[in-house]
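The same chain A turns up in both complexes below, where it pairs with chain B and then with chain C.
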Partner chain A sequence: MNTDCLTIKNQDMKNQYKALKYRSLVLLVVFFGLLSVIVVIALCVGASSISVTDSILALIEDNGMARSIVWNLRLPRIIMALLIGIGLGTSGAVFQAVLRNPLASPFTLGIGSSAGFGAVIAIMFFNGLVNEYAVVTGAFIFTLLSSFIILGVSRYKGATAETMILTGIALMFLFSSLSSFLQYLGTKEEVHGIVFWFFGSLSKAGYREIVMSGIMILIPMPFMFRFAFDFNLMTAGDESARALGVNVPGVRMFSIALASLMTSGAICFTGVIGFIGLVAPHIARMIFGSDNLFLIPASALIGGVLVLSADTLGRTMWLPHVIPIGIVTSFIGVPFFLYLLIKKTKEYW
Partner chain B sequence: MLQVENLSFNYGKTCVLKDIDLNVKKGEIISVLGPNGVGKTTLLNCLLGMIKPCFGFIKMDDMDILKMSPTHRARLIGYVPQAFPSKFPMTVFDAVLMGRKPYVRFVPSGKDLEVVSKVLMSMNLNHLGLKDFDRISGGQKQKVLIARAIAQEPGYLVLDEPSNNLDVRHQLEVMDMLKKLAQKKNIGIIMAMHSLNLASRFSDRIVMLKSGCMVCNGTPLEVMTPRIIETVYKIEVNINRINGYPYTIPLNPMPENRIHKELLN
Partner chain C sequence: MPRLLSNFKGFNTAGFFLPGLIILIIISARGTAWAGEVAQSIVIEDAFGREISVNIPVQSIVVLNSDVLEVLRSLGAQDLVKGIYSEITKDGAFFQEFLDRPRVGSWKNANAELIADLNPCIVIAYENNPGTELEKQLSPFGIQVLRLNFYKLGTIAKEIITLGKIIGREQQGETLGAWYGKKLDVIQKRLDSVKEKPLVYVESYSAFHTAGPGSGGHDMCVYAGGRNLADEFKVPYSEVTSEWVISKQPDVIFKATAWGNGFERNDRIFFNNVRDEMAARPSWNLIQAVKNNRVHVLDSGIWTGPRAVIGVVYMAKRIYPRLFNDLDPEQIHKEFLESFQRIPYQGVYISENLSGGSK
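Moving on, here comes the complex of A and B:
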């Protein structure tokens, strides 16, 4: 074979690989388009019957009632749903990548149940039924607490995936039993408030909450992209990633800390919206493969699609009731997920 | 040159390696032999800077490897692990691209893709490029991991039992590939080996370890003698020379009473 032929073949290989990645990029754009369509639909539907044109006009001009409903009720809810989907999707993808475990999610690591415990304490001892910020603060403090415990144990015992997952699962059981114990002691109203919080709800989403959640969810994002290639290397094993110059324990602890912060931002205002953190990355993996450079943004977009469609369905399906979002995400997410799981043709994990 | 001087390593109070002196020149293949648990992998881990020796130095081209940044080290020394990742759901191209990590700032550049496709081409792996790593055979996986290490453009290569779990044909193919890489790219190769015959056929020098100490260091003809193999592996052997290479035929495990007698001597 002469050298010209070699160069051509060489170019060919490179271009084929590039074509594969362009395909993923196009798919990302498609999902972004899909998400935008769902945003528009979510803006136009709701309990009050405003026409589609009025809903969209309300965004740019003052048309009375419609403007107030769109700007004060629907838009904040949509933005919050997007933030939660993005936060849970991204952090789930990061947890699964750095812990090299398909079952890892913010909830298997005990972050969900510790947030719940924080909310329970706030409701029972800090007047959380009246003062909603007490609940938020409680949930926030306890998510950070549980991730500090996981990171602390990892620092002491070595930041391996196994140490972190086992610590997380132990914490999950500890915090859920503590929550149950407190509920056992609580009054009827308190228990009702707790159950409602655990369902998850977007009804209290306002612009102030959006700003705070947005800070916690969006600021860690660039770091996650920064480490995406390192995450790829870590799926091949700690040892070879280290031999290639990756500071494995450092990257793992830093990204777990940031992903916990994202989770916290997603759930402390709205309650435990389970499942998205587990499912969005898996759906993304089935469609995009395991390259974290694409998997992370794809998980964010799919998380957004799932949460927003679940919430839109939840508030329109059974009028005048609003079905709590945590329940709807599982209702539509689980069958969809099982469908993909059965239909998938190749091993993606 | 990769120089190991006076290297000792202890796990707690157990001495694993003691006073190892060793040089690896570029273009040369060195096999480290010895029974299980003798410290071969520990020696390799020290060379990679993954663990810190208790005494002694490891220098690469006259620089102490422990004073280098991990990235700098990864540009000079490539590593092929013993076990394949159990699940690795990416393409072969992606797997080899990881070898570019020491040169990648955020995401791989066009040059990195270029290097990877050249490496795949030169190792005759281009037909696998877009296949999933999980779906290729064990022998192919081993070659892909070697390709990943070559994509690092290193001066030295460390391999942990590269012929492990491969069928006979793939063992020969992988060894032949390493021999060519050493010569063509002037890479110094050091590998832990279990197969005595592959080691004598393909190595320039063989190092024998016995309970953490270096028993001998020489050409295959110098090292592969019944006396040395019997003391290190505690087996009775027959050595035949075919095409100038010494081939070992293991006969029996040495009886316990003879082992004790040798220890007393």
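Moving on, here comes the complex of A and C:
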């Protein structure tokens, strides 16, 4: 009798999980559809007077200026926005999962501040106002440096979530202060450049940047999926995860290193677009639940939706001005996030 | 009687206050006399358009930016400079004679304590940098903060004349102000005959950040006879898309750069590289200005600031090579540096002209 009861209960749970899985898959398809619609819209709108038909035709035939604008200007911008959204959304979800902290994001760990410091150094000492690769290199080097410091301290003190978060917060303040110090020494032209870099911009996105950014963002993705189940177990606590056979310090260190690389790939080329890494995983969690198998791709998709929508709005709603993407992401992300937060009746974290 | 007096409390109080009152009267009387002897003041208009009173002659100044320092040197007032902004080292070769002066902190965040220590008559700063807290911090020391910009072409001559009056170099101020007016007049008179002004895209130091009304770059473009692509913008330094620039088809493109110092350059390689990178931006080969090799890169030394007039001459010549065929920007620059700044002419300030016609 008891065995029968258990079997029925197990079956019920399996059915429930299947239904949840099915629901999540459908939602993923819906979000993918939404993203595709935004991609098409982004492809058809811009400052030039190219018609919607010409914009779409430009993808397949050579219709002069329209083709050049679509292929050289709009498409790279769209792909870059998607990559950034995917990178920041995924890395944010991973940071929150392995650190078991809803406030964790690439910026909580000081990665944004260190990238900013690298950019400031490049602008002030390596002609970063003109040589954009100096800025990219500077931001990249300092992103990796801060990740190495976090991993080093964690290795020394034990890779606990608390150690990593506290080290990250300390680094965030350190690099922010260093950036402020250099800005203090800067000329008005340099300060001008630094302020604009911190606003974030996709204006310089080209295919070369896409390839470099894509390598850093897409290569770690399969590993993140591979660890999704381990992340699920780690949310129950390090002890429980360890008891179930997860190499907690190893998974934590490796995934933090990969998530840092993804963040670096996302922000080095465009400046600080910090908010996405925090909010995309939360929005995904409210809609998809906490199963990292779905949460990670959902965060990536939602990140893509947010960044692409923000950039498309930013470059079209006040033509011909471009409202910096770092500002627009907050404009559209915060109200949406608050709406979901108020509407959600159950505790979701 | 003594008892009566000692019992009279009012008398004691009066006895205490009376000497104080007498001292006060003496001080105020002396004060008026002292003021009458030395304090003379003039009312000037600052960068905000406010009328403010300044005690003259000003005998010591703390300078918070390179623009005012350059003007002071033009007026031959180097000896009045008691303290300078800390970033001067970046222009070390140009401002060599000032490198040994005490530094008082950044152009946007000066150290009030160091300034108070130097006890200058006035501090000259930009309109908005540092913030107004500087006035609050320095007013207890009797140090006045004067807000003058010296980077806007429309007001620079007036500000120079004002500064000349304040520091007792009125004649020099008038001469320099007139020199600016004369150079700009030459250009404006010739431009009167121009009916269709070319469309110009002006890019500031950061990529895709254009210079709209309210920025020095916009003023320079207009004075040089260009029709700024961003002339209806409400934001001085707005970001624009590549697509917008292409769709507008500018005839000429100017870009400002601020790496190193034109004064110390020996060749045009840097400017040419910036120009070539700009022309190679995706789809920019569709722009008229790029097709016709009319992309030009200028050094920050002649971009806004006291030498903006030289930048304007360069720009006018590049926009209208025939109209200004006889105008030699290098000669004007040489005249400015040697006659007013009293330093030998040197340096390179603009990219090579690939469209031909002028230097």
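Please note the rule applied: the second predicted complex is superposed on the first by the 336 of 349 C-alpha atoms of A that agree within 3 Å, B and C clash if a C-alpha of one lies under 4 Å from a C-alpha of the other, contacts with A are read in each partner's own complex, and residues count from 1 in each chain.
Definition applied: a residue touches a chain if its C-beta (ideal position, glycine included) is under 8 Å from a C-beta of that chain, and two chains touch if they have at least 3 such contacts.
Every value quoted in this text rests on a predicted model; they were computed, and no experiment measured them.
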Check whether A:H321 is in contact with chain B, with chain C, with both or with neither, and answer first, second, both or neither. second
In the overlay, answer first, second, both or neither for which of chain B and chain C A:G46 touches. second
Applying the touch criterion given at the start, work out whether A:T235 contacts chain B, chain C, both or neither, answering first, second, both or neither. first
Of the partners chain B and chain C, which touch A:I60 in the superposed model: first, second, both, neither? neither
Doubly contacted residues of chain A, that is, touched by chain B and again by chain C: none
So in the complex, the part of chain A that touches chain C is made up of which residues? 46-49, 65, 68-69, 72-74, 76, 127, 129-130, 132, 184-193, 196-197, 201, 203-204, 206, 315, 319-322, 324
So, in the complex, the side of chain C touching chain A is made of residues 65, 86-87, 90, 106-109, 129, 204-209, 230, 233, 235, 237-244, 246-247, 257-260, 274, 277, 282-283, 286, 300
Which of the residues in chain B end up touching chain A in this complex? 48, 50, 69-71, 73-74, 78-79, 81, 83, 85, 87-91, 93-95, 98-99, 101-102, 104, 106-108, 113-114, 116-118, 120-121, 126, 129-130, 132, 134, 152
Chain B partner contacts - residues on chain A that touch it in the complex: 6, 9-11, 13-14, 16-18, 20, 225-226, 228-230, 232-233, 235-237, 239-240, 242-247, 285, 289-291, 293, 346-349
